[in-house]
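Shared between the two complexes below is chain A, which pairs with chain B and chain C, respectively.
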Partner chain A sequence: MRRNGFFSPARISVIAGHTFTQLVRMKVFYFLVVFALLMLATSFFEMPWSRVTEDSAEQELIILKSTAMGAMAMFSALFAIAATALLIPKDLEDRTLYTILSKPVPRLDYLLGKLVGVLMLVAVSLLLMDALLTVILHFRTEELLAAEMEKGKGLGWPQQYLDIRREAISQQGVTWDLQAGIAAIFFKAMIMASIALLISTFSSSTLFTIVIAVVIYFIGHFTADARNYWLHSQKEGVSKEIKFLSQSAALIFPDFQLYNVIDATIEGKKINSGIISRLAVLALFYSGIYSVLAWFTFRKKEF
Partner chain B sequence: MRILFQIAVILCVLLCFGAAKLPFEDQLNQDMVDQQLIQPPLKEGTNLRLGQTSAAVALGGLRSLVASIWNLRAFLHFENLDWIKLEQSYEVITTLQPQTTDYWDTGAWHLHTNASVYYKENQDLSPIRRSAMQVKYIRKGSAFLTEGVTQNPDNWRLHLELARLWNDRHKLPDPSRALGHYQDALACASLPDYKRSQLRRFSFYVMVQVQGRERDAHALGLTLFKQSTRNHTPNLVSCLFALQNALDLPESERLTDAELFPNNQTQLLWLKNFWNHRHQDYPMDGVRRKINELELKIQPPHTTPVK
Partner chain C sequence: MEVTPAVQIDHLVKDFPSPFRKSKVRAVDDVSLTIMPGEVYGLIGPNGSGKSTTMKALLGLLAPTAGSCHVFGKNSMKTDSRQEIGFLPENPYFYKHLSGEETLRFYAKLCGMRGKEVKSRVEEMLEMVSLQDARKRRLGGYSKGMLQRIGLAQALIHAPRLLILDEPTAGVDPVGSRLIRDLIVGLKGRGVTIFLCSHLLEQVQEVCDNVGIIFNGKIVKEGKLAELIAIESQTEVVIKNASPRTLARIRDVISESQSAEFVREGKPKTTLERIFLEEARKSDADNGPPPPEEPAPPTATQPQEKGDPHA
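And then the complex of A and B:
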């Protein structure tokens, strides 16, 4: 008789695939229509009487990216929280959970499968939005570049100036740094999904899971301030309670401000691979810990 | 009871894990702040602290999107000529996205140009009120840009906008203040090389208008003139010509007319145009006299008698 392993990638991928299909059937991809309309509206929208400055072309691209990346961050966080919070209650309601757990499927595999399924959905959504953004941004950049070069030639700019302008505008177009920003959005969604999974293992309602996850999401943006206050603020006369609160927040909650590197990518700043790798390591670390804790509460749960 | 035990275990694990990740996260945060990829925590006591922290907590990672939406709302306030709401909107926008130059620039422009002109030309107000409101909004625009500079000290464009504002003769021209902002812009490490020469030229044009800085202005003008033929602009050359006269330099220290101007006809044309700007506090020493001399010496094309 074959021994049933504690952790099986094959089993996890089957559950993940099923979860992905289950979520797709919930018609979640309809949001893409909203995103496409938003992108088209932003790319064609031109404010009358707006300020024309030397780098208006770059600023126009920044605002286009800003809208798109903001929408991507919002959609991915919403998907990660809502989809994960829905999964276990839905499996209970459909009785799928009993069918799966009555088979020799370790509960860790079940949880990881569910999490990977949600992450696949987030990844596919982000890839689709990224593709749309890339196409629109590419054409808009080319259009603005052509207009700028024509203007420069008309004003008699030397080739050196034209090259500098070309480089400055291109840096605000489609770049690998922009893709790094989108990766950061995915990492943030990954951590949120793991947190929602952990909460859903002991919560009895979907609404509770969503609310708590959203609260943690907001607190996560305050963690950097709490850590800074604890580690670097030398101010005297701080009450013990405040110290305890800032220490607890810094230790327990993830620091989501680190993933706000997307703002820098919107500004066209260069992101080195070391930073993105460290963000990825941190996201994997968080997801791993939250998944193990989710398994800890779920392993002996009776249904 | 079991759930309480589980929560206690979870908290203990998270605390241990938190202690392990703390140095890693803190170092990563520091590196990202150093590379200007994320914003440093605001210093206590700044008037934006509360707003920024609240925004960070309330909006999480959606700052850029919310700022874009508020930017559209601000435009509606502009269309409705609601300057108070417009100012408030740009305060929110720049709190959300303090590193986006365009928001600082546009917000200040609405205040120091659109709002101030609106009040200046508002016939419903008394002349005193009109003037007071115009000045008030010019100062608001300047204060807005100054806040932008405080938050982005190495942003040469914001320094340049301040310099332009204080050098604008339709507002409250203050060449001395404008010169300070040009010098701040030139001190920015972010200033691209191709702009440096242009900004030095602009700072020269302002310096010549500052009382008591004529000698410094002459030294700067001379350096620029010798540096590149691209700096041989009609204004710079004419200013140098007038400064030499104003400082009454000995012949050995002067550039001759032949060195300054391409030819007599061009000299006449440039000096005439320069003379037309005499209300702008440029030095005009010897300009009128030279124009008269040149007019006698050469026959400008339009005065050539028809054969």
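And then the complex of A and C:
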């Protein structure tokens, strides 16, 4: 007879693969068409004549990146929350959960399989959007560079200045820093999916899970500011209890401001690889905490 | 050597919290039952009597408030106990986006099977439930009877020693229902222990060795089916082609006996189900071979014998 361990990567991959197929067959990739249209529309955007400045080319590329990355961040967060919130209640409603849990499947494997499946979908979606952005951004950058160089030569700019302009425009094109920004979008979606997973283990409705997850998402964007303001307003210093309370709040509500590197990459700034590694570790830490809490709620849940 | 029971439920109690009351609702009240390997046990009772709760406790989907459930000696709350269990829930809705074959592959892999083992087992199961021709079709396009059969196949995919069935023929037409019953009889012949919950008494009577009757969460009667339904003081004799004179002589013989008493005489009645199946078979014969997704029931396993309208 087969022995069933507490945790089986093979079984998790079976559930994850199935969850991915389930979401793909729900035709969720249709949103990519919307993204593609958005990208094409933005790529034709040109700065109005009245606002043309020396760095118009960079501004156009920034607008393109900002639109794309904004859409990517929104789609991935929305996907991560909605798909995770939908899957477990749907399995319960359709009684497919009975047939899965009546097999030798530990409940931790089931939860992690669902989470990994959703994350696979988010990752594939981001890769496809990334590929599209990279292609459009590459051609747009080349186009703007050629126009800028032609304009510069016509105006008799010295070679040194032409090189500076080339460098400045290229920095707003396809770079590894931009890829780091997209990785940060994935990390945020990863945290949101695990939060939705935790809520769906005790929530009785999909809508409740989605609403609470979205509220946590927004709280996460200004939790750091709120905490700093509050701690600095304590005139007589910070007691141990208050410090503990503040740290606990930080654990419950992740600080999404840490992921503001996305904005920096849109502006074409350089991102230190150490920062991305730290963000990855932080995302794993938060997802781990929320998954353990989800398992803790789900392991004794009665159906 | 002592044989480990396939199912051992000891003083099972299950309470559910009531939303507007302090007291809890007792769904199962001190239920104990034992099913030995190879037996077919039928738990019958009306809706809300505690059948499904008992079954869910046995599957580890509910934790007992008191008492315990063991499957082949293993506590039902442990994942390992489910290695021996195949389960078909009432009205299962499997993943509609998967085909029949994909569904079986998914469940086989969940049970730890890999590679060739999955392939051969999926083939075997599709053949057993006569769904080879519908293997590539998505479950969204399956009929109720076909869904129930694919459900049975997924329950048996890992060759469990115990099969738990919750209303296996609920909502299925008589032909599909007969096919499922034939499959259960076949599994019984192969030594699979079956725990069947149903409120269709005729169905239970056809396939079960032992029966438990549950009312308001309590087992009110339990025992071997043959013993429970037999009227010990009476004997039934069915005679074919008897003339009125023969019948009169039989009555005379009985009246001559001091202890025996003639109770009644009449034509045995067949069942509506039997007439329906007979017509379905004739119709299939007239229209060529039955369609692959809803094949006619195999006649070899029909319990009716020639000239025995009671059977």
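In this section, the second predicted complex is superposed on the first by the 275 of 303 C-alpha atoms of A that agree within 3 Å, B and C clash if a C-alpha of one lies under 4 Å from a C-alpha of the other, contacts with A are read in each partner's own complex, and residues count from 1 in each chain.
Throughout what follows, a residue touches a chain if its C-beta (ideal position, glycine included) is under 8 Å from a C-beta of that chain, and two chains touch if they have at least 3 such contacts.
Source: prediction; values computed, not measured.
**Student:** In the superposition on chain A, see if there is space for chain B and chain C together, and answer fit or clash.
**Tutor:** fit
**Student:** Give one of first, second, both or neither to describe whether A:M26 is in contact with chain B, with chain C, with both, or with none.
**Tutor:** second
**Student:** With the two complexes superposed on chain A, say which partner A:V14 touches: chain B (first), chain C (second), both, or neither.
**Tutor:** The answer is second: A:V14 touches chain C but not chain B.
**Student:** Looking at A:E302 after the superposition, I want to know if it touches chain B, chain C, both of them or none. Which is it: first, second, both, neither?
**Tutor:** After superposition on chain A, A:E302 lies in contact with chain C alone.
**Student:** Is A:L282 in contact with chain B, with chain C, with both, or with neither (first, second, both, neither)?
**Tutor:** Touch status of A:L282: first partner only.
**Student:** Under the stated touch criterion, which partner chain does A:I100 make contact with: chain B (first), chain C (second), both, or neither?
**Tutor:** second
**Student:** Decide which partner touches more residues of chain A, taking chain B and chain C as the two options.
**Tutor:** B
**Student:** Once the structures are superposed on A, label A:Y259 by its partner contacts, choosing first (chain B), second (chain C), both or neither.
**Tutor:** In the superposed model, A:Y259 contacts chain B only, not chain C.
**Student:** Look at A:S66 in the shared chain and tell me whether it touches chain B only, chain C only, both, or neither; answer first, second, both or neither.
**Tutor:** The first partner, chain B, only.
**Student:** Where does A:F244 make contact in the superposed view: on chain B (first), on chain C (second), on both, or on neither?
**Tutor:** neither
**Student:** With the two structures laid over each other on chain A, which partner does A:F139 touch: chain B (first), chain C (second), both, or neither?
**Tutor:** Touch status of A:F139: no partner.
**Student:** On the overlay, how many Å separate the closest CA atoms of chain B and chain C?
**Tutor:** Superposed model gives a least chain B-chain C C-alpha distance of 10 Å.
**Student:** Overlap of the chain B and chain C footprints on chain A, residue-wise?
**Tutor:** none
**Student:** So in the complex, the part of chain B that touches chain A is made up of which residues?
**Tutor:** 3, 6-7, 9-11, 13-15, 17-19, 21-22, 24-26, 28-29, 31-32, 35-39, 41, 44, 53, 56-58, 60-68, 71-72, 75, 78, 97, 99-102, 105-106, 109, 157, 192, 194
**Student:** Which positions of chain C touch chain A when the two form their complex?
**Tutor:** 56, 59-63, 79-80, 82-85, 87-89, 91-95, 97-98, 106-107, 109-112, 114, 151, 154-155, 158, 164
**Student:** In their complex, what parts of chain A are in touch with chain C?
**Tutor:** Touching chain C: residues 1-4, 8, 10-11, 14-15, 18, 21-22, 25-26, 94-96, 98-106, 300, 302-303 of chain A.
**Student:** Quick one: which bits of chain A touch chain B in the complex? Just the residue numbers, please.
**Tutor:** 42, 47, 49-51, 53-55, 59, 62-63, 66-67, 69-71, 73-74, 77, 160-161, 164, 185, 188, 198, 202, 217-222, 224-225, 227-228, 231, 235, 248, 250-252, 255-264, 266-267, 269, 271-272, 275, 278-279, 282, 285, 289, 293, 296-297
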